[in-house]
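The following blocks contain the structures, represented as structure tokens.
Two complexes, one shared chain (chain A), two partners (chain B, chain C).
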Partner chain A sequence: MKANKNLIEGIVKLGRIELALSYRIPLIESMAAIVAYTSCISVFMVIFQTIGLNLVLSDTLYNGPENVGAYQQIISERATMSYALAQTSCWTFFTILVPLFFAFTLARAFEDGTLRTLMSYPISRTMLLTVKTLVFIIVISIPVILIPLLLIATYLPSEAIVNYLGLFIISTLLSVAQLSVTSILLSVLSKDAATTAVVGVLLWVGLSYLSSLPTIPIHFLMLCSPIKMLSNYAVGLYPEMINWELLFLLLGSLAFVAALFIIGIRVFRRVEI
Partner chain B sequence: MTRYRFNRLSWLLICFGIAGVLIGITIPSFGMGDAGQFDPDELRGRIYFVVGDVNVDITVNEGGPISFYVLDWNNSMELVRTQSLKTIDSIFVLENITHFEGIITIPVSGLYSFISQNMDNESVAFRVDMSRVLPQRHIFYPSVLVTTIGMILFQAVRTPRSPLKEL
Partner chain C sequence: MTDIIVSVSGIKKRFGKMQALDGVEISIPSGVSGIIGPNGAGKTTLLRVLLGLIRADEGRASVLGLDSEMQSLEIRRRIGVLHERPIYPRFLTPLEYLKMISDLYWEHREPIELLKLVDLDKACDRKIKDLSAGMHQRLGIAQSLVGYPEIVFLDEPTSNLDVTGRNAVLQLIMDLYNNTGTSFVISSHILSELERICHNLVFIDGGKVIESGRLVEIFKKYASDRWRVLTSDSEVLYRLITSLSGFENIGITGVNTISFSNKGDINTIRHEIESIAKEHEIDVYDVSRSTSLEEVFKEVSRNESE
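For the complex of A and B:
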């Protein structure tokens, strides 16, 4: 019990050090603002589209409540589409930002000796990398998940419901985790900020382009962009797919992230600092 | 709250405010409007999302006058439910017009329906052109306010303490 408490305290303390070292003012603030801008433009792009409203007053067969239901359904579909677009737009933006972030926080720490200083404290390498990844996933995912929801809640009527919200949250976390563990792996393999930045950005921009192609197989999307896969599913691009297949694909994505993370930790434990 | 946290908060407000100002100025402006021919006893309109005032140009090309209504979302759904304009509270009304050009003030951001009604006994050909008035004030002015608060906070946090207070 006491060991667990010490472990949690250690993680929290290391998390605070990580926040102070890697997330200097105004990094988080500007990232959140860029997420807000991207989300706002994405949400507006969808909800700016017009909805027709034509009525014939003398129509005796008219069914008012049924039509109100139809409009509410349209609004919910718009909310889901705008949430999906906001998530994928933010992901596209992060494909550039995340490799740069890890290049200038982790790979640079190899070059300037910060990592050696940090390792002189009683911290295990596994713990350091785990905390670094967790802090990043939390810091990035919170605005990406919450800001589009806040915009939808502010600007759309209360009837607007974002469908598959739970799955969207899971796939956002998975996508951010994929980006971060890949960048961490690149950082510990190269131990060079410039290499990590160039290779990471080229890799993810390439994958981002490939994932936007209409003929791309769904299993490829599962490996490189779960959020894109779920967005395609939510807007009805895979009508033949059933729910358990989607869950299976998301689990596959989780397994892929976990495998990359374990490889990253193993490399980091053996690498010379 | 420590000075560090106030500093973070001020940066957050400044960054969000600038993002909002940019959105208020460069907001995507799709063409809005409606045109065509409609019969007597027919209501014809479109629902649009607006975050500021709207510039409207209405022209009746053929036939008699029309009436023009702007309704918020709740009243639009009430109209769809009841098929009647009698119990509806419009935020803007023009009755029996053949031409109008002006700006409609939108009180709160949201979905609004812009509806035309044929007031004649014959078909009417009409055209409604609308555009958003930039900057969209329901985003722009709150964002300017947030940026200003952020800047004031930033300045207050960064202001060095008076040497007299140190003594």
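For the complex of A and C:
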């Protein structure tokens, strides 16, 4: 128990240093800007449509009270469309940025000597890579999960959120973790930010294309895009699938992430800094 | 003073076609020690091997009796390191950074005491990005001292400093050694600095150790018969001296300086030089033993190439 506490304390302490050292370039600011941008679009849309609705309702010329249902329908359709667009663009934006961000936090650390500085303290390589990955997943996941949730909460009834909330969060985390550990491998193998970024983005675009193919086997989809698999499940593309099969597929996806991470650590333990 | 703190035996390391280390053998005792060599000699590579950051192709290295490859973590608990051009979080203050680093050690010095030790306490609330190059380097030394290290490795600690900053850092290292007893291993290509503060020296060139030992013994070995002349015309005097017997390894070391080897006594040498210079109306201002590390390094390199 005490050993676990010490381990967690160690991870938290190292996590603070990692945040301070590796995120000195404006990563956090960039992500905050993206969040602010998408939130602003959503909020403005709601405000404008609410103002419009209120104007219409208060104006007898348009016979507002009698047409309120129709107006609400229009607003709802537009809102759904804007939600879908925002979510898609946001998700694509983030997942393209994930390899780029990781290139800047790990591969760049090889180049500018940050890693050498960190490795002059009593920190094991396994611990360092674990903390780097955890911090990265947390930093990326928060906006990736929060923005769609905020948008959903704005436009959709609460029960729609509750139904798939757990699965949405798990599959999002899995997808971010998959991209992160793949980026770890690329960073550790190349030790070069530009290579990691370019190969990472190409890999992501390639996987996105593959996962959009209608004939893609579900097991491959599980490996390359858990969130896509869940979306398909949610819209009823796998009517014959039962819950434990879904759980099995998600666990398989998790095992894939874990295997990639272990390979990353083994490579990192031997890599020259 | 005689404990061996760093031991390297038969270390070889190759990067592609370049042989960075080629059978390095050294034993460094406690005290302040310098690893000297031109840029690209293999100093930083040797430090990286000692810290376990890279694996040697052949050979074995140990720090404080611990294997640098297998016990790297344990070594890093007992040493401090200042890399060349280190990077610290720019938006933290020195105090905040040292507090963070302190958490990584089982036992550590109080951050504010460390800042006082390196004379940075007045700037403890300034952001690291606002520190001068000298302050940045003093912060680097402070962070290397956090965990009560037995040895501190400094890689080119004065490379980006002006003369005042260099002197301050060198004085700090001497004070720290005298006050705390911490051993220092300093890698540098600026020889004049190392001769001021080092007890022991290791000369590296082309990935090989070409000489090592206590500074005074190295001087005795290479500089006891080495002389330097300050003159008004070094080129003419050089030609004149080459015709004299007993003068060897003569070289023009500057516009007004010549150096040479001679096993004679100072009065005889001075008399010979002054006589020949007077005949040709050249002024000689000083004839003295050459005790600069630069001269010694040239001598060592010359012997090695022969």
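In this section, the second predicted complex is superposed on the first by the 194 of 273 C-alpha atoms of A that agree within 3 Å, B and C clash if a C-alpha of one lies under 4 Å from a C-alpha of the other, contacts with A are read in each partner's own complex, and residues count from 1 in each chain.
Note that a contact is a pair of C-beta atoms (placed from the backbone, for glycine too) under 8 Å apart; a residue touches a chain by one contact, two chains touch by 3 or more.
Since we're looking at a predicted model, the values are computed, not measured.
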First, second, both or neither for A:Gly236, with chain B first and chain C second: neither
Partner chain in contact with A:Gly166 - chain B first, chain C second, else both or neither: neither
Greater residue coverage of chain A in the superposed arrangement, chain B or chain C: B
Touching partner for A:Pro122 - first (chain B), second (chain C), both, neither: second
Touching partner for A:Pro214 - first (chain B), second (chain C), both, neither: neither
Parts of chain A lying in touch with chain C, wherever the complex brings them together: 13-14, 16-17, 20-21, 24, 112-114, 116-117, 119-124, 270, 272-273
Interfacial residue positions of chain C with respect to chain A in the complex: 48, 51, 53-55, 73, 76-77, 80-81, 83, 85-92, 97, 100-101, 103-105, 144, 147
Chain A - residues contacting chain B, complex: 25-26, 28-30, 32-34, 36-37, 40-41, 44-45, 47-59, 62, 64-65, 67-68, 71-72, 75, 154-157
Residues of chain B defined as touching chain A within the complex: 7-8, 11-12, 14-16, 18-20, 22-23, 27-28, 30, 32, 39, 41-49, 51, 73-74, 76-77, 79-84, 109-111, 113, 115
